[in-house]
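In what comes next, chain A is part of two complexes: it sits with chain B in the first one and with chain C in the second one.
Right after this comes the complex of A and B.
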């Protein structure tokens, strides 16, 4: 069992160290930029099972629970603690959320927005670089501080090193003696831990040749975020384990190294050249190739599409991805979840049936 | 392109053009109000409707023969189509096709086809409708030509990006994405430059696909025609400022097809000039779209295509005229930004600025201005389950219209193309109560 610091403890510690806290909504943003300003990003992916009365007062019933829970949580609980809010543009609903916060809700803390492009041509890299610079200037104004290139590069390299370790951990998943739930608690700690702390935690992960996973069936999960997290526990109980993931919150944000020595270009390269992702508008071929590479690495025979209700962003991809996987002989199932509800029994039954059907 | 197909295309479309025109002229001569038309509550239908029908029929008819005869592009409704027009593309708008399916009440059948193939009921019903047509080959217009190029501009939503990714996979043809960063505030230099770079890229790909070189003079002329049509369309909408209004929003919904799918054509300019003339005549004669106009409203969001007749009559019976909408206005309000002398630069900016690519605060401001300029008594905000970019923000918008302007505003839950998200009894009850409130 690895001791992962609690979110509230981390926030308190960072504050005590004089850092500013940013509440950051999903999905893609240059974390290293915030860190270079001594701002500690804490991501808001829901959280699940919150009272959404506040969200319901602004959002229609057909808006996903990530946005609805996130807005409720921000306004009801987090806004007093954080120093600023960042809403990256990831989909039509997150766009609406950013716009609502800026124009109507106007919380007492500054709200910033950020637009990552949906292609990765050279003009997209150029645009993203400028968009990051825009955010840089906004942060300079907000903090009265302007980190130099060296500082920016240092933070970038830290994130890159962390990602390298995360990638190794993913690759050695079978040797890692953690249950699926423990493994993803660790991966998801990145949502609120700084690179150094998480890196140290990764070093302490026990690995051995023979683990309880040796006899379990490897499956892949694909979606936005593994919530509610008890799905992971249930999968293990069904005789399988999550051998790899294609989650926007997890594997799709292990961007990899950029090349440029210009920190702004490098941050842009990292986001754009990272794994394909629905919120970045990636093509079907890229997404199929990526999932196929995960399958090859972990020999999974099944992919579970874990969809947040009303997440059109992911839903558009499913029929074609499922067809492509079927052609590869990989079984699939799609389950729909709402962050504000427990994992539906019917969804678990379907996952169970899928797991039973694979060797 | 195939020469024989081209000849066939030219011969058939020219003949069809003449036949449709002749037919329309004959119909105009013996123009009569249809028997079932509720003349007790509504003005007779606009004569221009015959031309709308002619143009739309011809557009889809051309499409049937375009494949192989000329380059074909499928584009989103907010795409910078002038470049493709100037290169001689036949341009199809899947959204318009889906709207037509909605109005002809075939959308549900097509949505079901898409759902059978695994598409979720939660994705935009326009997209589902289009996928249903692709999968089943069914369409009320006979046949849709296969595209040689796909052009997706994200200035209306991100949904279209996924939709066009599906099309890209399905047709295996080049997809050009014009990514228009959402404007939470005004556009900055890097936004405009980014779109401009992408337009340059579009020119490159479209030239390659069409095998032609873009003539700049031609592009300027196409943009000039687009601008003129948009200006005239805006004037058409603005006749609604007259009390009583000669035009209702339902008329606008029906007659907006050319401004969406025939921008850049000389005939679209003529069409709206003619429509404007007819409306001005109505104003001179005191003809009111809703016979006993007592209350005037704003409509926000897409139409409920399969319920236009019901809604128009239900409201007219109660003396309510919906005279304008943020939706129809969107196709006219950007005309001043288009500069035919600087086509690419001005298009880069214009295509960043549609209302759907701007913040909710801007939409509220537009609504408030419309309420003032059109002397409106209230607003109906269609909360469209399918269209998140248009709908998020409406709860606050409604509340602010009520609290800041003191006008009644109603949030009406439905879906623009999927009748399963529409509950007639509930709509009746809510609209009746709203009508009563407007009277009090």
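Right after this comes the complex of A and C.
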């Protein structure tokens, strides 16, 4: 069992060290840019099971629970703790959240928005680079500090090194002595830990199996965020394990190295050249090829599409992804979850039936 | 010591039990309404079975939404796998199982040896489940048999919402208030249920024959309408309500 520091402890420690805390909404943003400003990003993916009264007062009923829980949590609890809020444009609901915060709610802390492009053409690298520069200048104004290129590159390299380790961890998943729940607690610790702390934790991951996973059936999870996290425990109990993932919050943010020595270009390259993602407007072919590569690596025979209710961005891809996987002989099932509800038994029955049906 | 295999399907409306021997011969079946305390109910059922077949060794497989509450279960299998296995055993055919249960309905594509090839479930709305017919029967003060007879006797039918059980019930009330003939409404109710089921059927790559399981499978109006909607012949096992429990018992072998 790896001891992962708690979010509240991390925030306190970072504050004690004089760092500013940024509440960051999903999905893609240049984490290294914030770190270069001595800003510690803490991501807001919900959290699950919060009272959404405040969020409901501002949002339409068809807005997903990530945004609804996130807004409620921010206004009811987090706003007093954080120094700023960053809302990347991950989807229409998140863009709406950014506008709401800026134009209507106007919380007492500064709110910044960030617009990653929807495609991956060469002009998109240029656009994203400009967008990162805009955010850089906004942060300069806010903090009174202007990190130089060397500092930016240092933070970029830290993130790249961390991602290299994360990738290794993913590739050795079968050899790692962690349950699916423990594995994803560790992966998701990136949402609030700095690169150095997480790197140290990764070094402590036991690599030799005590309880072999070879008897369990490897499955892949695809979606936005693995919540409620009990799903991971349940999958293990059903005789399977999560051998790889295509989650926007996890594997899709292991971007890989950029090439440029210009830090702004490199940050843009990293985000754009990372794994395909619905919120980046990736093509069906790219997404199919990526999932296929995961399947090949871990010999999975099934993919579970774990969809957050009302997440149309993600759902749009499912019919074609499912059809393509079926043609490859890979079984699929789709379950819909709401962050504010316990994992429904019916969804677990579907997953269990899928696991029973694979050899 | 003789070994017997017990399958318990703890469903939302009924608990179904099948006991088979190692030769797959059915020795005992039981269907009773689900009580609020499934753990106690299934405990008493198993106690009675142990007494009835004293001197035998038992392997218990539980399925259904209450499977976790069958404390004496040696194994738990989903109702999807159980219905596939049970239907394949009962009919000796691969094909597509349509199980209309009390809480959910399922379409399961079954392969050559009874394995699940694909499945789809309706588990979010009572429309398309046995509960839908049950609610309307209660509202109209009719038995299931009367509902079935009325649906079969009517040439005409009214169109009723197939997307929401609550709205459908409101529609029925307003139709009654307008004086629309009861049998037309009842036939429309059956059609709404069947349309929901056939929509599920077309969302998987199904192949014939269509095998009906679950309590609603006995309803001839439902059988007839599924045949009308799909153009495929329906097969109903001799005792469709115990298909899941039979599959569970077979899973223990």
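Throughout what follows, the second predicted complex is superposed on the first by the 356 of 359 C-alpha atoms of A that agree within 3 Å, B and C clash if a C-alpha of one lies under 4 Å from a C-alpha of the other, contacts with A are read in each partner's own complex, and residues count from 1 in each chain.
Here, contacts are C-beta pairs under 8 Å (C-beta built on N, C-alpha and C of every residue); 3 or more make two chains touch, one makes a residue touch a chain.
What you see is a predicted model, and the numbers here were worked out from it, not measured in a lab.
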Item to complete: Mind checking the superposed model to see whether chain B and chain C fit together on chain A or clash?
Response: fit
Worksheet entry | First, second, both or neither for A:148, with chain B first and chain C second | neither
Worksheet item: Looking at the overlay, what does A:318 touch: chain B (first), chain C (second), both, or neither?
Response: first
Discussion item. Is A:51 touching anything from chain B or chain C once the two structures are fitted on A? First, second, both or neither.
Written reply: neither
Worksheet item: Which partner does A:357 reach: the first (chain B), the second (chain C), both, or neither?
Response: second
Worksheet item: More residues of chain A in touch with chain C or with chain B?
Response: B
Worksheet item: Can A:126 be said to touch chain B (first), chain C (second), both, or neither?
Response: first
Discussion item. Tell me the contact category for A:346 with respect to chain B and chain C: first, second, both or neither.
Written reply: second
Worksheet item: Now for A:171: first (chain B), second (chain C), both, or neither, which partner does it touch?
Response: neither
Worksheet item: Should A:103 be classified as contacting the first partner (chain B), the second (chain C), both, or neither?
Response: first
Worksheet item: Upon superposition of the two complexes, what minimum C-alpha distance (Å) separates chain B from chain C?
Response: 5
Worksheet item: What residues of chain A sit close enough to touch chain B in their complex?
Response: 57-60, 62-63, 89, 91-93, 95-100, 102-105, 113, 115, 117-119, 121, 123-124, 126-127, 130-131, 134, 278, 281, 283-285, 307, 309-313, 315-320, 322
Discussion item. Give the list of chain B residues in touch with chain A in this complex.
Written reply: 117-120, 122-124, 127, 154, 157-159, 161-163, 165-166, 168-169, 177, 179, 181-182, 184, 188, 190, 193-194, 197-198, 201, 359-362, 364, 383, 385, 388-389, 391-396, 400, 413
Worksheet item: Which of the residues in chain A end up touching chain C in this complex?
Response: 331, 344-346, 349-350, 352-353, 356-357
Response to the item:
Per the touch rule above, chain C residues touching chain A in the complex are 65, 77-81, 104, 115-119, 121, 123-124
